[in-house]
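Right, I'll just put the structure down here and ask away after.
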Amino acid sequence: MNAFGRRLRIQLFGESHGPGVGAVLDGVPPGLPIEVARIQADLDARRPGTSALVSQRKEEDRVRILSGTFGGHATGAPLALWIENQDADSKPYEATRHLPRPGHADWTSHAWSRGFADPRGGGHASGRLTAPLVAAGAVAQRILDAHGIAVGAHLHEVAGVGGPPHAHDAATMAARAARSPLRTAHAESEAEFTRTIEEARKSQDSVGGVIEFAADGLPVGLGDPLFDSVESLLAHLLFAIPAVKGVDFGAGFAATHMRGSQHNDPFDVRDGRVVQRTNNAGGILGGRTTGTTLRGRVAVKPTSTLPGRVQETVDLETMAATPLRETGRHDPCIAIRAVPAVQAAVRLVLADLVLQGYQDGILDVPDWRKA
Amino acid sequence: MNAFGRRLRIQLFGESHGPGVGAVLDGVPPGLPIEVARIQADLDARRPGTSALVSQRKEEDRVRILSGTFGGHATGAPLALWIENQDADSKPYEATRHLPRPGHADWTSHAWSRGFADPRGGGHASGRLTAPLVAAGAVAQRILDAHGIAVGAHLHEVAGVGGPPHAHDAATMAARAARSPLRTAHAESEAEFTRTIEEARKSQDSVGGVIEFAADGLPVGLGDPLFDSVESLLAHLLFAIPAVKGVDFGAGFAATHMRGSQHNDPFDVRDGRVVQRTNNAGGILGGRTTGTTLRGRVAVKPTSTLPGRVQETVDLETMAATPLRETGRHDPCIAIRAVPAVQAAVRLVLADLVLQGYQDGILDVPDWRKA
Amino acid sequence: MNAFGRRLRIQLFGESHGPGVGAVLDGVPPGLPIEVARIQADLDARRPGTSALVSQRKEEDRVRILSGTFGGHATGAPLALWIENQDADSKPYEATRHLPRPGHADWTSHAWSRGFADPRGGGHASGRLTAPLVAAGAVAQRILDAHGIAVGAHLHEVAGVGGPPHAHDAATMAARAARSPLRTAHAESEAEFTRTIEEARKSQDSVGGVIEFAADGLPVGLGDPLFDSVESLLAHLLFAIPAVKGVDFGAGFAATHMRGSQHNDPFDVRDGRVVQRTNNAGGILGGRTTGTTLRGRVAVKPTSTLPGRVQETVDLETMAATPLRETGRHDPCIAIRAVPAVQAAVRLVLADLVLQGYQDGILDVPDWRKA
Amino acid sequence: MNAFGRRLRIQLFGESHGPGVGAVLDGVPPGLPIEVARIQADLDARRPGTSALVSQRKEEDRVRILSGTFGGHATGAPLALWIENQDADSKPYEATRHLPRPGHADWTSHAWSRGFADPRGGGHASGRLTAPLVAAGAVAQRILDAHGIAVGAHLHEVAGVGGPPHAHDAATMAARAARSPLRTAHAESEAEFTRTIEEARKSQDSVGGVIEFAADGLPVGLGDPLFDSVESLLAHLLFAIPAVKGVDFGAGFAATHMRGSQHNDPFDVRDGRVVQRTNNAGGILGGRTTGTTLRGRVAVKPTSTLPGRVQETVDLETMAATPLRETGRHDPCIAIRAVPAVQAAVRLVLADLVLQGYQDGILDVPDWRKA
């Protein structure tokens, strides 16, 4: 199944090479302003074909709202978003239909479905499903806007090299990533990232990367301990993004090298409110937000498709080992295009938690007319 | 809320210093053998007070089955497990009731609940809730047993130092960890781990660690792409364990340093079946199991409680900065006692997926009489 | 929110006067044959404009499959169904936008949404949402087909008068209802039903009705006691159909007039299997199917819209009592067009339970190639 | 599975003849006053052994709170309730272990579980599970109290005879039912109800009944159209109560005899607010509350157990038709003791919807200190 969220629930549908991809977002507060242009702007940031460093598939990714709005506002009914596929080129997949691509979902989809999965471009397991995720994230951000919550994500490392960690607040991160063709807020790293990716592409190879995300403006107390911890909810959605293989929060894996006396964030008082002097916890304690910046990292593996390069696979019809040379259009560093998806995932989880905040009396329901 | 699982659903309840802790496990297949001794054995592995390296709280952690079994088998009705608290010492918490401990849930629980949270020992957010998690995991393992699925977890690194990665299969990992007071399968690292932890304890400090987990014997095709990916489900439950701040799968964060040509696991044929020659994916492709060993890592932060050491906090009544010196009994490396919780989390997710496997026709429902 | 089902999950979206109505059906088994013509045939049975006794709104109700199929089979990915609105006439609603229609959702939708609901034709609360429900029901029936499970529904009573109860098995009920413009299996009642409805229509009024449903071919043991009882699940979905105000099973409300000695269905043995000699329980004991025919009734209120007749309402802008005369196109006995929706609801619940039956080992997963 | 509720979620566990029965209630707002005495009072109203008209099983039904409270208030953590079985007499069931009782869950539980179900007194499918339901309902009522929402239920008809419908507001209904050994608010019917039940008991038989329920003080707009309609949610939980075979709302089945012009409730203005002059809709339009009294009926079948009377069943070991004479202690009109369960079910659904009301801005989160 492919739905997520308790109060703001997203149901994805669609395939890479079918009629299109879409999402139903249920639980949107009635009155929330819904501007197609804002959703489109976020989709444009994720769109392929925008630079030499990303896939040359030409998709306009025009979003159409099928339901759930009236007069520019959400009605509170399920909001359906639909993006038609335009440049789906299924030809490369015909010859290789029985040849699962290494690193891709082909083999497991085939096995699970007993051969009934859509074999073209990964079918429903394609990274193309992040398009409706991003569109839904734009709607979620409208909820966050009413509370001054900013969410950013950017490309922090490429092939193990990157800028300083935790260098940007969420708004700066988001703004810089939006401007950067590499979706990085480390302007100083752009040239090196470009060089590394270009070099990989030329050698018919690909590179991985690390995405940082941050959120500012959160109240204290969103989330729950244990199964509904903010970490659990965020990680659940972040690992849903194809190619993500690791997630951590705050100091994360580096925390395992620290002593408790270094890692514990001391409490202090500022302007009559409890604050933390450091933020090794990444803005989450006991599963709930601390009001400090929420921070985390996402590990994105190198793109599995390596156009031109021969890889080893098995013909599922003949069960013979077979070389495979892919010719489709692909991204030499898929982490670039995963940035908007990471941002969208964080937005969706936080917007869900904001709705819980209304229920719990942590936040007041805004007058959406003024939002 | 604190329930998780779609087909095998666990609802946790209880507090560190209340009458006890428990779990209701719903969706247990009727006929599954339920032996109290096996559940108890797993609880014993997690129990405090067993060595100088862990908390000296003396809890017998005797599990009582309140419902859901008859004649030694599950009936299919909700199975309730109950563990009474015996050595809850609330006195240290009385004087410090208004002083949130750095690194703990106290502050966010207080804020969320407007002061109504149970302040003693973290209340419901306590690591003590991993006791019923471990008990439920023992039941889940009985489902996995019927399919020859083994799940292991062990302490892989302490304070950044450890054994070679991916060195053990799941059964070996589980067996060695069960024997080791440090819950590590790296016998060669035990002495150093002990030294590091002892030294931290003596300096009123604590250290973090990395836990590895593995599962063998899985069929191809458990899980779903995107929101119900095996990574998403596992990460959700793993991040529910207190002190966990990072999770990755297969090569994980290290994958971001690799090229696609190194990272992609080539397919091959062995005994007429598709296999993968390497396992950088950690046994998951497109969100579904590949049949290869499922592998991942969990980052556990250094224990937040530092007995004897002065930490800085805020008195929530007076709103004045205040030093805090804790005197409770605690673990200098909580990662040791998190090992059984990690194992339990993996078991619960995999058992849920096995039930999905029955629904999907990937696995046959066993005759539990013979299981 | 508007999603239902644990294993086969339907998410509805759309509005009466927006671009269209749709459903995402998640959990469809990969391999299930999906024929657009069969879905369309069911939609045609529900379609308005087919006789003088139903609404004259002209909707072709052409279903389009947006995702989830490949080569005529379900892929196992979410299956999205879309039906464009063609003859939505919003004009009658413009003048009366602030006048909630008695018996309709207008007033409560307005209050809940603080005026942001789509006021045209009930918006998302419209009976038009039963179109995608019926389409999804056709897919669910394909699952039931593989097990020889037939589901029928028909118009049993109009305005308190009808044929004998429990007179038809499910297949006969379905076949006769499909042929009858009144969707009744009581051929002998058609003339009287027609007369009653015609008379109501001429006097600018409407009548209610009772729908019977039945399902044959069920195995013993689908469902669960208490919260997931077959009665609970069916009633949940049946009461989701607009205008439904009562549901009972087997003898139902009449059981309250019976003695236990009359009502209890005696067990007997036939062909080596346990059977029941009577069926007052309606095929459900302890929340689970008995293998006997599942039987129940649905009370449908008289249509709320009474074209031409003056009704009393309140202008929500001026807060003054105001007469309202509706002029839209409507059904004098909405129970007729609710018949396919009732059938679809039963199909969806039973198909979900069949998937549970696979998980529980009650039923074997079919080879869908042969289904 | 046996859990229900989206925001206030109840998980039941336990068996009729096991150690006890319990519930975990998750989502209770932190700060809600929790008084054991109030929960106990509600349990006492449901308890067997209180008059000659109900079962003579002697259960004190003392509730114990295992978790989720501190200092007399809910902490917001899962609240576990536990009621030990004291007078479970399993002897009558030993001899008849293989003889499913007509009208009971025995046969379907046996079939579903392949013989692993607890055969004693219905196991988990027993009406005894309504004890924790009632206890949870008492907690839910504390939420409703803060908003002046009253919920009543009472025995309206016995064996087809009863008082006038809709004669009592919710508070009167609840108060009178609490005082009446028959749990009826129709004081004038008590003598006849008693006579009818006594007569049935003497002839080794039982009778059915109809329970009415009502809720006052609701705001406009709780619930959702379609799948989360108030009718759907209430019916789901009401049909979970053993022996319930029918549910309707407002005019309900009688609405099918009415014309639209009679049935539609005209809107009017009173004190500047929209009201309805009649209440045929039972306080629900378009799935949402209208602010008018919520009203419905529940059909309860005659008790299946008929002590002393020979009934026909099948020996599941020998598969031979076999007479069965039960000797356990039972209620000649189980509808009496179902009254508190109906009240509890309505309370739980409404409390869940009140929490949604906080999220939707329909209701303000109270200061529980003053509640």
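Should a chain be cited, it is by its letter among A, B, C and D, assigned in written order, with residues numbered from 1 in that chain.
Here is the rule we go by: contacts are C-beta pairs under 8 Å (C-beta built on N, C-alpha and C of every residue); 3 or more make two chains touch, one makes a residue touch a chain.
Note that this is a predicted model, so its numbers are computed, not measured.
Q: Check A-D against A-C and say which one is joined by more contacting C-beta pairs.
A: Ranking A-D and A-C by C-beta contacts puts A-C first.
Q: In terms of CA centroid distance, which chain is the most far removed from subunit C?
A: B
Q: Can you compute the centre-to-centre distance for subunit A and subunit B, using the mean CA position of each chain? Integer Å is fine.
A: Result: the chain centres lie 26 Å from each other.
Q: Nearest whole angstrom, what separates the Cα centre of subunit A from the Cα centre of subunit D?
A: Chain centroid spacing, subunit A to subunit D, equals 45 Å.
Q: Taking each chain's centre as the mean of its CA atoms, how far is subunit A from subunit C in angstrom?
A: Subunit A and subunit C have C-alpha centres separated by 38 Å.
Q: Listing for subunit C: what residues touch at least two other chains?
A: Each of 1-3, 12, 77, 112, 114, 124, 225, 360-361 in subunit C touches at least two other chains.
Q: Hey, which residues of subunit B end up touching subunit C in the complex?
A: Counting only subunit B, the residues touching subunit C are 6-7, 29-30, 77, 225, 355-356, 358-361, 365.
Q: In the complex, go through subunit C and note every residue touching subunit D.
A: 1-4, 10, 12, 100, 102-109, 111-112, 114, 122, 124-125, 129, 157, 159-160, 200, 204-210, 220-229, 231-233, 235-240, 242, 244-253, 255-269, 272, 274, 277, 280-282, 285-290, 297, 299-306, 309, 311-314, 316, 319-321, 335, 360-362
Q: What does subunit D use to touch subunit B in their complex?
A: 1-3, 9, 11-15, 18-22, 24, 26-27, 30-31, 64, 66-68, 70-71, 73-80, 82, 112-114, 116-119, 123-124, 368
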